[in-house]
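Letters are used for the chains, namely A, B, C and D, taken in the order the chains are written, and counting of residues starts over at 1 for each.
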Amino acid sequence: MKPRLTPEQVAARAALELKDGDYVNLGFGIPNLCASYLPAGIQVAFHAEHGVLGYGPLVPESEWGTADFDYVDAGMRFFRPRPGMAFCDMGQSFDMIRGRHLDAAILGAVEVSGAGDLANWTFGVAESGGIGGSMDLAVGAKRVIIAMEHVTKHGKPKIVEHCNYPLTAKACVDLIVSDLAVIEVGPTGPRLKEIAPGWTPEEVQALTEPTLRMDGAVKEIRW
Amino acid sequence: MKPRLTPEQVAARAALELKDGDYVNLGFGIPNLCASYLPAGIQVAFHAEHGVLGYGPLVPESEWGTADFDYVDAGMRFFRPRPGMAFCDMGQSFDMIRGRHLDAAILGAVEVSGAGDLANWTFGVAESGGIGGSMDLAVGAKRVIIAMEHVTKHGKPKIVEHCNYPLTAKACVDLIVSDLAVIEVGPTGPRLKEIAPGWTPEEVQALTEPTLRMDGAVKEIRW
Amino acid sequence: MKTRIYTSFEETIEDFPDGASLMVFCWGVSGTPQNLLHALKQKAVKDLTLITHNVVPASVGKSVLWDVVTPFMLADQVKKLVTAWPGMSYLGMESPMERRIREGKTELELVSHGILVERIRAGGAGIGGFYSPAGIGTVVERGKEKRVLDDGREYLLEKPLTADFGFIRAHRADKLGNLVYRGGGRGCNPVMATACRTVIAEVDEIVEVGELDAETIITPGIYVNRLVQVPERGLGSARHRRELLSRFPTQGQKS
Amino acid sequence: MKTRIYTSFEETIEDFPDGASLMVFCWGVSGTPQNLLHALKQKAVKDLTLITHNVVPASVGKSVLWDVVTPFMLADQVKKLVTAWPGMSYLGMESPMERRIREGKTELELVSHGILVERIRAGGAGIGGFYSPAGIGTVVERGKEKRVLDDGREYLLEKPLTADFGFIRAHRADKLGNLVYRGGGRGCNPVMATACRTVIAEVDEIVEVGELDAETIITPGIYVNRLVQVPERGLGSARHRRELLSRFPTQGQKS
């Protein structure tokens, strides 16, 4: 099989979308890795849903015994305090989200449609699974960036005509960064912007349900 | 003319409605005097609309030069800090009001109806005058107590069948303490509970528009 | 109303009846009133309506901390659950709460974190309802009024939430019930404290009036009815937290 | 977005156009961004939509402090006013703003303090509208949807407020734009900071990142676009306040 981007490389490419001084929320999985692959010279403040803004690096497992339970992120992982960090209550935290104050949310996805519909909170029926804060992030962040694998474990496209899994939000995604491509989505449909080294647009299209527009040069992904 | 209660006596009688540990908002005029006439042994936390809870005594005019502009009440009068005082933002302050967390608001009135309608924010047409926070206090406080003179400067009743001045809120007042009487108001109409020393119920009725119920003993006002 | 100070968790919840509603925050070990939850479990109060963000056990990495008391441990006592995270199906496991939901013993109202916290805030702030942009086109719009407002976007009408009891975890309190929190343990605690008829706060330390800086108080005493200090060896005490952390590696820097 | 630090009030508002909307808090001398207001007056920006709580001059007792800059001084520049307190008719006087309202030069939208602050909060928090119990049966219900909600009470539908610019007065800031306030000067400042496209804060002191305690920050830097420090002799500086107070008696205790 041809090499695809590693999760770390996907995260690094997604992180290139961030600018110095941005306030950003990172979802579980690949998105969380973005914190470790920021472009050189930029500082980003990370937001955790329960009310932390601008926290420091995660505590490595070898040091968990020295951590502090009141300093955990939205995924319950320990972080170190950082100068300039601020706490707020969860109401104020979601006011930030819903009120479009976060510069970006980088989230994972189960499925994304070409129009930018997102399904990312359950693999099963709607009644199980945890919604968490994803519905609020999806409608609230100024930009919603999806960082994910291009296809499922079983090789099925995750970029689809219409989402089959329960939706998180309609028409909310701006950009998909996968291990094969960078794709802009939205009301005018998906547009292929970048592809993984060694891959052709036709090969990416074959693993993508909706037809990708290819107006404009398709570049190779860099990270 | 027969003596009526002084403004200080009205305030002292209204203050008898408060209990130890209550959180209370005082309106302009006679209500403001209540702070100086609390019953012995009780502590009350006063609330100012812009976000102060539990502030200390007002600074006397002879000491204004030693005061602090960031320590002013809702009437722009200097207060001294007090241990246990708390600041909050104006949004949180009105959440307290609207959310029925204040034990009482003691307000002035232009007119009160027997059903408890209140007009207290303008003597003129609706388009001038300042509403301030009175509409929120009138619907939000657990108890709304009016402390006022029984009649206008021109001797006209202020307790009326229907308010003529622009309303602050409908059916919001629980109790009126005037310089002549203590009157319960509400859906079943006004009930005379107490009268000023030397006055008869008939004399008070003559200065009151709606018919006062007198079921139950009518006592003399004490303060 | 005056804040009363208690010394026993049992006494603090003595009047907590079967069928009552309870709001409680939990972010793992952080922000969780473990002692009050433990007392409620001991009391075996039945048919609770539980309003909480997550119903998962506390954990560090893949280690579950079974000796930390969270709403997860109350599953058998819950008749109705309002939450954004009912269980651990994301791990392919069925939790006791999810099993009760599947068996119809517990009714689930699934909401997002943001809608949940704003509904609680509305309940505490006397707002009759509000229009939320979250949830359009999803399962949470079921049964709700949908409406296009002035900006041309669709919104759902969400209703306020209140509860009979609120269990609050704060860091320090003064004797008037003014509260300050610590780190992410603040969470939804200050919002829940505004929306419950009886608010009970457990805190690391109760100090004299005047010892908290007026500029830093997060929950003013007006919201707090009962106050109780976590004992030195109590659940969630500094000592208990150190004991929990001692199970994990400590090489490298000390925090 | 990154917070930019300025040293000139003029430069800070260089891009403030005629016809823009402005939110600003004022509680007399307290909480009022006097230097930014002064710069806006100097710039003679026209046709403002002004959203503010009170349009009265600062005063101490019966002494008006005419050398304190408040929204009262902007009357000639205002085309539309949203406020709970348009003037001084309660004193039987007509203020310049009230005169303009009477003459039809300024359009007035009269709201109560509580509805005003909640509409601003909704604007900042992405709420499409909310149902308020205040104002039923009064002049403020004109043109608004009235509705009985689940609790049987009547409510009015209120709409969010936002503005192009927010002028904020805080006590201290760090270089990331995190803000803390002082006393009643907090007021509506933290709420307005959430609801404006360009938020400019004037502060007594800008300190290094890390000098503010993370637990005490009231407005996080995410809301603050521009920051400017009040000079030693500036309007509202400690020195200016002392000068204002020196006009009044000082017998008795010092605060």
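Heads up, the rule we're going with is that a residue touches a chain if its C-beta (ideal position, glycine included) is under 8 Å from a C-beta of that chain, and two chains touch if they have at least 3 such contacts.
Given the structure is predicted, the values throughout are model-derived calculations rather than measurements.
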### Query
More C-beta pairs touching across which pair, B-C or A-C?
A-C
### Query
Taking each chain's centre as its mean C-alpha position, how far apart are chain A and chain D in Å?
37
#### Entry: Centroid distance [mean C-alpha coordinates] between chain B and chain A, Å
55
### Chain centre separation in whole Å, for chain C relative to chain A (CA means)
28
### Multi-chain contact residues (two or more partners), chain C
118, 121, 125-127, 132-133, 181-183, 215
### Message
Where in chain B do residues touch two or more of the other chains?
### Response
87-88, 94, 97-98, 140
### Summary
Full set of chain pairs in contact is A-C, A-D, B-C, B-D, C-D
### Summary
chain B residues touching chain D in their complex are 48-52, 59-72, 76, 78, 80, 87-91, 93-94, 97-98, 117, 122, 124, 126-136, 138-140, 166-170
### Message
Applying the document's contact rule, which stretches of chain C touch chain B when the two form their complex?
### Response
1-3, 121, 123-127, 174, 176, 178, 194-195, 209-210, 214-215, 217, 220-223
### Query
Across the complex, what residues on chain D touch chain B?
25, 27-31, 53-54, 59-61, 84-87, 89-90, 98, 101, 108, 110-115, 117-118, 120-121, 132-140, 181-191, 218, 241, 244-255
## Note on the structure
So, in the complex, the side of chain C touching chain D is made of residues 118, 122, 125-133, 147, 149-151, 153, 155, 159, 180-183, 213, 215-216
### Query
Inside the complex, what are the residues of chain B that reach chain C?
19-23, 45, 47, 53-54, 81, 83-88, 94-103, 140
